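Let me begin by presenting the structure, written as structure tokens, before commenting on it.
Note that the chains are named A, B, C and D in the order they appear, and that numbering of residues resets to 1 at the start of each chain.
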């Protein structure tokens, strides 16, 4: 961030007592993300407690969830984080064209991530994996009956509960991010309202986006891979 | 669509009014009677320990026992719910009687233990004990409820919107207290009494499947063909499995 | 946002006349939002009080028809007699409304909103529109909760702590829609609190007037700031838990369902991980505002300003490590019980510091017994009782006996009513002129204070005794137990005093409402206080200051030898004062 | 009515009541200091016109004193409490000779499974009673609590014992009665609309009376299938 500009939009207002070297929106976003950490902390903590204190075997990684598909999705989200960085770099350099391009790419990445997740959900539900466990009479329930160890037949309910809640809320956050980026894209980026002197919205939404990406990397690791 | 619904509702209300005036909605018709026989060894119902509920205990001289299988002195089975399962002409409407069906909690037991009710008919739940009872209905097709009556003399009304055989009722304060409620869209049902017989009146001519339900021994069916008037007999025999 | 760039220098310029809707309903002015919160939460305070009256009727006169009970539907009363399930609804909703929709918004929603920008010298909150959203979300949450009374089977019935699995299964609680509405309402409330908190935090960090350094902030602002941090971090946990509970009820998930591997204690851990910081959310702002009022009433600087600040921070910090003391009897590992006992005991230390420092402030003061001061002294006296009775529960072996008895009920009411509510009576009277430009009646304020003080103690002190007698909480009819029967006269006495206590509050309500219109016009600085807010007209205009005032000293310079008067406003420049750095050419 | 704690009838009584009284004395002193101090200051330093308060921002020494004293007191209290806590609720606190009782609790009933003459739970001669618990005088008893539906809490005021029963968990609590007679068991955790009705009784028998009770239970008329 360039301090040289010394513009009071990108710094705490000069006429006030300086708290931290961040303008209000950026500080507000950091504060908001702290509460988001607690929210996801509650969900992930619940998952860890439930999973590791249950004395029955948990479904082995990869037998229910489609890991390659989600690995691709993870890659997509990481790419969108990179493109967010690019968009931010572009606006910091005053490069309007690249800002629009990379912001659009970020939106696209996020939207595709949500799309893939919806596709994954539909597949899983069809297969018999629901928030309340393995649906009775479904293909998955039969598999679980045949091989309770591999499929974690006794813990299917917990698996479904935690999986859908955690990934669902993450998906909701991605959706919110895409919606707000779309809003900024059409109301600010396209009309060229961002400048080297004021790119607060982009920086704030970027912070949010990187946070959501980070949460996903944690979720992917502990839900899909472990 | 909405108007149709309204018309139906109005019609139903009118029919209900008419029914309320008439002593009995269904008159005439034929009758099906029968006895519920019981063969085999008479099972022993568990004794009920009411020692921690003195207000109920004092209503009995001997220690009361459960009512899962009540075999009458004449070797018949009481508390069997007999009803017309199918065969009624389509489109027949049987408005619910205005008089409520009463279930009484007395001496920490339900009276009666098995009962039938029509869809939309009031079930009046009474408490004759000066102790808390709660009534938990566990239907699958109707809306469940769980209410309580802490004092003697309390009355609560409930209705059921969909036919369901049977709706279990239970009291959680007294684990032995349970009852069964058959909800039907028509008045053709009966419960076998202390002589083991039942009577279903007012059936139009036709062929019917009649089902007898017992809480422990399951269901049995019989097919009965009746004329416009007259009487037919359908007996059932239950035996311990 | 280029428009912002254009307008930024003129930010402090007073806004022109706007429509009634923009000005009073969909306002972004932090003062109006604070006042909106005030009216809404006073309404919910009334609701909670009415529920309490019904609880007291049943406890005092179990099984007797309640006067006016006949108008309640069959699902609540039978022949005017409160039904057990309605009684459970009453205790649940009394707790819920008082904690989430009365005390918490009264302290945080009203005073964080109203005071923070005024006291730190900001034009408004950092994000005025988010602030407005926070109010409307809170109102929505309250209305959803209130709607619970009008659905079949009535509102939630599992205690305000919503212990699973009772709360998760409608067949066990007997309430279906009500339970779901509770969860939904709490999720909305959580969102509202988070949005509010991030506003308060950002405003305090970044929008202080020049010279308003961290250690020149009034203790009320410190307390509200720390409270906002607690709220920011605690409410998301509650929201997460409420979401899981809602999913258990609707989607068939098994988080709290032991039959499918879920854990009943998980809810308690999540709830109290939120819940204990919440306890401090409910008392810290009261402590802060009382500090301001006591310094003002004593006409003396606050005793040990820095240790007061560190005590607030210490309480907030320790508050995260004590949640298990609500669960000593829950069957969690006894080793954890030992750990939580020690941390709980330690939290008594900062509380003691605060009490003694308030007394130290009064020591050698020149005390003015205005109504806020009376209530503040009442707060200190009652909070001390509540804090001391907490030591009994902190000692785990004693807790084995008094856990979930009326001793706890007495304790929490001494903190929440004797503490927070007395502080609020004081705060409302104190900042009433700032809000409405009028003053509340002094004589009636004093009558209200004394009557409340007397009857409050007659209601809640005996609860310690019936708790020692072993009376459990949330009993519909304690007389069913032989060992509790002899205590029934005491219950009856408590109930009668409770009815009088409720009636006494009518004085306050009338004093509050009538003076809105007929009250005496307030002078500019009615309490001769040093705070920034009193340099503004009453009520203050939208935007507060043309330009933020320069601050030269802390807020408690009473009886300063530098001036002949006994107060020295923060903004008054003495010849020896230097201009604050931020007010100059800037960084 | 009683203005004090219920009578003691278990070995926990003296310890818990002693601790209670100790805390009552300590907090009582603090209570008097605070309340008397407040009133005294309020009267002594009441405002008089023309007078100014004493200008001070605090006295560090005083603050150190009133930080240190409560800190030392509460830590000491914590240590003493912990000693008893480990004795009463610690994982290994249950005496090895304790009589086992199976407690199955549901909305809104207790069911107590007593070991029969063989002294073992889970055998054919177990005696199951609704809302009645029979125990021996001066013999430790361990209740194995199992909740069927929601959380309940086993509470006997005279024994000063309380323990939640949580569905899905096996929780044990022990106590030792020191006085014969009949006591009431209550549910101390909100468990639904019938919470208040979960009253049960515990009978503490001398060895002879206990034997007589057990013999009476063994007679076939009372036997349940």
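The rule is short, and it goes like this: contacts are C-beta pairs under 8 Å (C-beta built on N, C-alpha and C of every residue); 3 or more make two chains touch, one makes a residue touch a chain.
This one's a predicted model, so the numbers in the text were calculated from it and none came from an experiment.
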{"item": "Intersection of the contact lists for subunit B and subunit C", "value": "D"}
{"item": "Chain nearest the overall C-alpha centroid of the shown protein atoms", "value": "C"}
{"item": "Pair with more cross-chain C-beta pairs in contact, given C-D and A-C", "value": "C-D"}
{"item": "Farthest chain (mean CA position) relative to subunit C", "value": "B"}
{"item": "Centroid spacing, where centroids are CA-atom means, of subunit C and subunit D in whole angstrom", "value": "31"}
{"item": "Distance from subunit C to subunit A - Cα centre to Cα centre, in angstrom", "value": "34"}
{"item": "Cα-centroid distance, subunit A relative to subunit D, in whole angstrom", "value": "48"}
{"item": "CA centroid of subunit A to CA centroid of subunit B, Å", "value": "56"}
{"item": "For subunit A, residues that touch 2 or more chains besides their own", "value": "none"}
{"item": "Multi-partner residues of subunit B (at least 2 other chains)", "value": "132, 134, 146, 148"}
{"item": "In subunit C, residues with contacts to at least two other chains", "value": "83-85, 172-174, 262-263, 476-477"}
{"item": "Complete list of chain pairs which touch one another", "value": "A-C, B-C, B-D, C-D"}
{"item": "Interfacial residue positions of subunit C with respect to subunit D in the complex", "value": "83-85, 88, 91, 157-159, 163, 165-166, 169, 172-174, 258-259, 262-265, 298-305, 307, 329-331, 333-335, 337-338, 341-342, 345-346, 348-349, 352-353, 355-357, 359-360, 362-369, 377, 380-381, 384-385, 388-389, 391-392, 394-398, 400-401, 403-405, 465, 468-470, 472-478, 480-483, 486-487, 489-490, 556, 558-561, 566"}
{"item": "List of subunit C residues in touch with subunit A within their complex", "value": "1-2, 4-5, 8, 122, 126-127, 130, 194, 197-199, 201-202, 204-213, 232-237, 239-241, 243-244, 247-248, 251-255, 257, 260-263, 266, 269-270, 547-548, 580, 582-583, 586-587"}
{"item": "Sites on subunit B touched by subunit D in the complex", "value": "44, 46-47, 49, 51-52, 131-132, 134, 146, 148, 172-175"}
{"item": "Subunit D - residues contacting subunit C, complex", "value": "1-6, 12, 15-16, 19-20, 23-24, 26-27, 30-31, 34-35, 37-38, 41-42, 45-48, 51-60, 62-63, 66-67, 70-71, 74-75, 77-78, 81-82, 84-86, 88-91, 107, 149-151, 153, 155, 157-158, 160-169, 171, 184, 186-197, 199"}
{"item": "Subunit D - residues contacting subunit B, complex", "value": "106-109, 129-132, 192-194, 196-197, 199-201, 222, 224-225"}
